[in-house]
Each structure stands twice: as structure tokens, then as C-alpha cells.
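To keep things clear, I will list the structure first and then write my remarks on it.
Naming follows writing order (A, B, C, D, E and F), and every chain is counted from residue 1.
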Amino acid sequence: MDELTHFDEQGAARMVDVGDKPATRRSALAAGRIRMHPATLARIRQGGADKGDVLGVARIAGIMGAKRTADLIPLCHPLALSRVEIAFAPDLEASAIDCQARVETTAPTGVEMEALCAVQVALLTIYDMCKARDRAMSIEQVRLLEKHGGRSGHWRRPDQA
Amino acid sequence: MDELTHFDEQGAARMVDVGDKPATRRSALAAGRIRMHPATLARIRQGGADKGDVLGVARIAGIMGAKRTADLIPLCHPLALSRVEIAFAPDLEASAIDCQARVETTAPTGVEMEALCAVQVALLTIYDMCKARDRAMSIEQVRLLEKHGGRSGHWRRPDQA
Amino acid sequence: MDELTHFDEQGAARMVDVGDKPATRRSALAAGRIRMHPATLARIRQGGADKGDVLGVARIAGIMGAKRTADLIPLCHPLALSRVEIAFAPDLEASAIDCQARVETTAPTGVEMEALCAVQVALLTIYDMCKARDRAMSIEQVRLLEKHGGRSGHWRRPDQA
Amino acid sequence: MDELTHFDEQGAARMVDVGDKPATRRSALAAGRIRMHPATLARIRQGGADKGDVLGVARIAGIMGAKRTADLIPLCHPLALSRVEIAFAPDLEASAIDCQARVETTAPTGVEMEALCAVQVALLTIYDMCKARDRAMSIEQVRLLEKHGGRSGHWRRPDQA
Amino acid sequence: MDELTHFDEQGAARMVDVGDKPATRRSALAAGRIRMHPATLARIRQGGADKGDVLGVARIAGIMGAKRTADLIPLCHPLALSRVEIAFAPDLEASAIDCQARVETTAPTGVEMEALCAVQVALLTIYDMCKARDRAMSIEQVRLLEKHGGRSGHWRRPDQA
Amino acid sequence: MDELTHFDEQGAARMVDVGDKPATRRSALAAGRIRMHPATLARIRQGGADKGDVLGVARIAGIMGAKRTADLIPLCHPLALSRVEIAFAPDLEASAIDCQARVETTAPTGVEMEALCAVQVALLTIYDMCKARDRAMSIEQVRLLEKHGGRSGHWRRPDQA
């Protein structure tokens, strides 16, 4: 397959026709991380209802970000998501916070972009809330881990196996 | 400074009060990259008006993404941006495309988040357009390179010096 | 049932998984009112195509507000609404305008939030249009009156029976 | 003043011309409450980082809601908000949660609608998160408490004095 | 049929109830054109990846505009579009660029408005990009050419036959 | 001037830098029309608070559309509009409704696009509300009539003089 499906034979961008594909159950799992100064990580981990829950805010932003995917990514199909979940885990050795997003739908096309969008918006929100302390944080390894459903079936990232 | 300014003393999230800060000229430069299979990179580089201009679509998405920042990031102030520019460069050795976004405004607060958002949406759009060929692409090193203006003045990422 | 379904067992917020629930016909009826100075109510009632149709504008705002529910309420599922209707009635004794919104869909989850959102945006629009005359108006009794469909079936507000 | 400024002399709705008004500092404080079953209130008060922080989610929704005001209320002017803060307090006697929102800007027009929108979206989010337990909650007393700035100067709700 | 279905018998606007209509395959083809100075047309036609691809940007804007239809048109039903394609063709004699948009969905109601919105946003984007050279451009003949599906079946614009 | 300012010297699209331009008072007046069957025009003219006020709904949609311009048109700067007014007039001879939109701001760039967007959304809303009766309506002559302010000063459409 040499062609990019988002272009027609003249090279014009298009929202790919999925009208002949059946609506089936689909899920996607994406991940990413934000690296930061160890003191910033310590401050986030101390947080909570009384000291400021950075990850709680980022989780909400990520969930809402998943719902805005078709507004942001030009050729994405609008989809009615049936599930969005976001999890965070600190990685002390790497001085980072890992984020995973799982998104599901029943639709003729998949939700990879929605899961990736959720991760990106969640990580950007962490950056925003901590940037006054630590401007040099960086977002890394934003990638798809796994997807189910659709014509291409189950896919799992090779280096995750 | 031990506190995160986005929380009050009880730990409640807030949009920080910038009402006493003067509106001054501010700019931010952010960057990131998407790594991909060499064949995907080759395909993108061949593109253009007749074969499908992946980077042209991603650039538009990134510019529009900068304008949606305050909609996506919960505690960001809405700002009237005066400039958004996005540049791409292939890195053949790393089999990646680098993206930089420069954003400017005249406002009481900075545009770091707008520049980072532009980069993220541009890179996600590249992912979207090429994912049918190459699902394992990953987004890396999304970070602020430089900012000007405001009380904290000029900041340049240490490892860029 | 002691749990709030919008949180997982660790207390993390999530968009609840409705992927196993069938898409069925659902409706919701919500209501609310805005109390105002009798002169403001009289002015609204005089309105119309030639004097300014406050309720006509508020009705449009409410219908559009129903469509924005999933953008506003973090954990709401995006839904394709099949019907939105908004009715107003003056209550001269209470010096108030009552608003009711009926919303329907065929979906795996209900439209209570859409109906409540429609009422809130409609009443806020009345406030906006009359606030220069009457800043002390207040919005009261925004509540669900009735819902049909879904696993919990028909529900009618006890004090409406 | 008998006229509603949002209509012209033929009764056509319009976004009022504020082009001749100077940009000055303005603030608004709005409030509202949601009444619920005492067991629901107890459940919310138990919440927090480990059991589910209903008020934390509602606060984020309210802040984001303030930023969407001009999208929702047809004749509102778009404004660059400089501050948004939302506070909740339980009222055990009334079995309710009180919400207050303070919004500020430097602009030619006020932020009353933004403060009211923040309250409404915050209270609707509480409803959404608890509705599976307690469908009969109601939103009450959504009103402006105070405003500063602009031609009409300081206004304080009479019954608050 | 003398009635406008978007109003009830009292003249109140409503989002028409389509809950009893089956979801079927529907498509719409709309068109329009923008007339301009011959030098502006020549400049657009020279464009491309190296000189600036006006039509490439306009195509993306049109596709994204189709997805925003229910946000813009008050009584439109939100729909999950399955296909959006936009084509441009120069008309040298008329010194104009013609635009056609094809939109499809499987839904209980049609996509005429989505196709028209796509055309309008695409043509406005051409105007925006060229207005510094040619402020007198005008948009003409925005109209539906054809629709398929739904109770009214196939319709083709009479003057297209 | 041979260059399109929305592209850089390599042909990459950009949001033009207006950071060095002063914020000054600007206005734009745009117009357009929708042609329809005489019976459709008669039906619209009969409308009003009791029979359905098509033009009232379209006016609100147009005003809200002006506020969405920077969301729709990729390279438009976000602006805080200070005035939006929309007027309709029937043209019996042409069997059409004319629409004019006047938009103002104080900003470093003009509001031509906002005025054109308001006209387009208003006319599309008329189409939407009447399309069940008259699918063959067409939108014509959408154009800028006049602009004031900014470096290029006052411009009036030649054929309007």
C-alpha cells in the first residue's frame, strides 16, 4: 500500500469515506509521558484535595480533549465515544509521569486519534500547571499501544509485546 | 517558590489572576518531533500539491490548534494571538519530522501553552494522515525552546544554548 | 448503591463505559424558572417581532445549548440528539418565566443533562437580555421532571405526580 | 429606561455597540446552590483524591464554562478573562452545596454573564456526577451578588447587604 | 405543505423530531463559486507547495466547516459524517473558482446543510487569503445540486438536469 | 504587491504577524442575498412571533457566527468584537432576502471576515429553515461593501459608489 488514504488520486485531502464500513466495537489504548525535575514530581505527588490535585485536573482535561478530537484533527470523523479513561503513574527513576488513555466506541472507524488526543491534552495540562516552577519539562513517547476492532483487527505495538 | 500558582491555599484550582499585570509583547517558541518508518518519511517528503501535502494539512491544523488552547487547557487564559507560524524539517538520520511553532501576543500572560498546543496538534495530524501505513510512529521531545516578555523575561532552554 | 459511577475504585474520574448498553429511545423533560421584577416581566410579554422577542432569542440559545452539553459537562457522552423543544410560560403571581425543555435521542445513555443544559442556557439568555433593567433576577428550581428509556426506565419527579 | 438595549428600534436583536466605552477593570461575583438528599451531600463531602472529588471536577467545569460564555449566550461580547475562581461550601441545614464564582477582566463591558455561566456549569456538573444516586436534586438561587466597574459602578444585591 | 417544520403551531422554533425516522444512507452535493480579478485567479493557480497553496488551505477549512454545521446552524441535528470531499475548479472565462462539496452520513436526517457549510467556509477561506490583493471578490451561486436518501429520495436541481 | 501575505517565502501558510500594528477602531459592512421561490418569500414575510420568525432565528445565528470566525477560517486572528448588527430586507422583484452585517472592533487587524461570516451563517440558516419547502434557493453576492480603519483606511466597493 503506497497511498495515503487521506488524499485522492490528485493529491487533494479528504475525509475518507467510511459509509460502507459497519459500525463495530473499537477500542484504542495510547500512552505518553512528561519528564520533569524531581522536585516537581515530588510536588505533584504530594498534591490532592488539600494541596492541589494536578493529576485530577489533567485527567478531566484529557477526557474533554478526547471529545474535541474531530474539532482539532482536520480529517477525523466525528464519533460518539462510549468510554474514556485516563490513568497516571509516576516513574521515579525517570522523574516522569506516565499517562495512558483508553477510548472506546461503536462506529465504522477507530478511536486511535481520540486516545492520542486525550494523552496529549492531559500531559499539556500538567505542563501548564507546573510551568511556573519547571519550564523545561518535556513530553515524550506519545504513541499508540494497542487497538481492537475494525478491518485491521487487533494491533499491539511491537515493542510492548 | 514551593507553591503551584494554579491552586489557592486550600488546594482549589483557579485561573490565576493576571489583572494587575500589564499587557506586554510576548513570544514563545516550542518544538517537538514525530519519529516514523523511513518509508513513511520518504512518502511525506514526496508529497506536495499533486501527491498529497501532509505537512501543509498539519500546518493548518497546528495554527488552528493554537487558537483553541484556552478551550482545551482548563486554566489557560483566553488570549488574542497576533502571530502563529509553524515550520517543519525532516531529520533523515533520526527518521523523524521536526516541528517548531512560534506564537506571539500582547497580553498580561504568556503564550507558551499556545505554542506547545500548536506543535501537538500539528504532530497528531501527521500521525492521523499516515497511521494507516505506520501505526507505530511516536511523538517525542515536545518542549518549550524559548520565551520572551513578561516578568520572568527571556528564558532559553538550557540544552539549546 | 454507594458508589458514584463517574469514579473508578481509586477515585479517578472517568467517562463511564456505556459500550455494552443498547442504543434505545430516550427522552428527558427538565424545567426551571427565572424570577424578575414585575415590570421586567411585563416588558418581556409585550415583546415580539417589533419590540424585541426576548423569549425567541432565549429559545434558540437553549436549543443550541443542548447541543453543546458534552463540550461543557466533563464526563457527558457526546450524543446525536433527535429532538429539542423549549417552551416558556409566564407565571404572573410569582413574577417569573417558566422554561421547560424536552430532549430525545436514540442512544446507549440518557439526555437528562442535555435537557438541563438547554434550560440553563435559555434562562441565562433571558438574564443577559434584561440585566440592564433588572440585575436582581434569579434562576430557581432547575430540575429534571421526567425521563423515559434506558435500564432505569420511566422516572417522574415525586413532587410532580 | 424602558428599552432593552439588546434590541434596536425595530425590535431586532443585536450585539450592543461597546466601541466607545473604555476598557476598564471589572469584576462580578455570582452564586447559586444545588439541593440534594442528605446522603448525597454526605457522599460528596467524603470525596477527595481517593474516593472521587466531585467538587474538584465541578470547579474545573465551571472555570472552563466561564470561558465559553460568548459561545453560549447569543449577544454576549467575547472577552479576555483575567481571573476566574470558584468556591464551594456545604450547607448542612439546607442539604445543599453553595457555589460562588468570581470573574474579572479589563474590558469595555462587564463579566456578569461569565460569572453566572461558571456557576451554572459547575452546578450542572455536580448534578451529572451524582444523578445516578439522586435524580431529584435541584439548582436554586442562581444570581448575581455583586459587580464592580463600568459606567454603572458598584452594585451589590439588595438582599445581601 | 404550507408549514415550516422548524416551528410548532404557536410559531416557536424547534429542532424537528426525527426520532421515528430510520437511519439511512444519505448524501448531498452542494456548490458555489467565488469571482475575483483575473490576476488573483492567476496567482492562486500558480500556487502550490512552494508558492502558497490557497486551495489546499481552503479545502481543509471546508472539511472542518462541515463538521461544525450543527454548532453554527441553530436547528440542525448533530450528525456523524462518514465522508466529506471538496473539489475546486477554475473557470477562466468567469474569472472564478468553483467549489463542490460532497457529504455523506447514515442518519435519520440529511446532510444538505453540511455540504452547504463546507462550500461557504471553503470560499470564505479563499477570500481571506486573497483579500489583501482583491477586496472586491464575491461569492455566488451557493446552492444544493443533488441529494440522495431519506423520505424525499433523490432530488436533483432542475437547472442541472 | 505580488505576494499573498498569508504565506511565507517558502509558500508555508501562517497567521500573519500583526504584533507591530496598533489596535485601532475598525468596522466592516458585508452583504449577501438568498433567492427563493416567491411563495417562500411570502411565507417568511408573514412570519413573526406567532407564525415562526425565520429572520429572527437567522439574525441570532449570524451574530453567533461572527463570533466563531477565528474558529472557522484557519488564518484569521481571534478578535474581541465590540458590535455586531444584522439587517434583512426583502427584495420582491428579485424574490430574495438581502442581508447586511456590520461588525466593529478595536484591534490591530480588521473585521471583514467576521462580517462575511455573519452574512453566510445568517443566509444558511434561512436556507435550513425553509429547505423542506424550497430546496432550490441560492445564496448570491456575498461580498464586502465597506471597511474603515487600519493602514489601508476607508474602502468602499466600487460598484456601490
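In the analysis below, contacts are C-beta pairs under 8 Å (C-beta built on N, C-alpha and C of every residue); 3 or more make two chains touch, one makes a residue touch a chain.
Fair warning: this is a prediction, and the values are worked out from it, not measured in the lab.
Listed here as common contacts of chain B and chain C: A, D, E, F. Between chain C and chain F, the least number of touch steps comes to 1.
Touch-path distance (fewest steps) from chain A to chain F is 2.
Counting C-beta pairs in contact, the pair that comes out ahead of the other among E-F and C-E is E-F. Comparing the centres of all chains, each the average of its CA atoms, the largest separation from chain C belongs to B. Least-squares overlay of CA atoms from chain B onto chain F yields a rotation of 120° to the nearest 5. When chain centres are set by their Cα atoms, the one at the greatest distance from chain A is F.
More than half of the contact pairs at C-F come back, by residue number, in A-D, the repeat among A-D, A-B or B-F. The distance from the centre of chain D to the centre of chain E, each centre being the mean of the chain's C-alpha atoms, comes to 37 Å.
Once the centre of each chain is set as its mean CA position, chain A and chain C turn out to be 31 Å apart. Chain geometry summary: the mean Cα position of chain C and that of chain D are 16 Å apart.
Within chain A, contacts with two or more other chains are made by residues 12-13, 47-49, 53, 56-57, 60-61, 64, 68, 71, 74-75, 79-80. Interface note: chains touch in the pairs A-B, A-C, A-D, A-E, B-D, B-E, B-F, C-D, C-E, C-F, D-F, E-F. Listed in rising order, the residues of chain A touching chain B in the complex are 1-2, 4-7, 10-13, 32, 43, 47-54, 57, 60-61, 64-65, 68, 71-76, 112-113, 116-117, 120-121, 124-125, 127-133, 135-144, 147, 155, 157-158. Listing the residues of chain D that touch chain B in their complex gives 25, 56, 59-60, 63-64, 66-68, 79-87, 104-106.
Interface residues of chain C, counted against chain A in their complex, comprise 8, 12-19, 70-71, 74-75, 77-80, 107-108. Of all the residues in chain F, the ones that touch chain C in their complex are 47-49, 53, 56-57, 60-61, 64.
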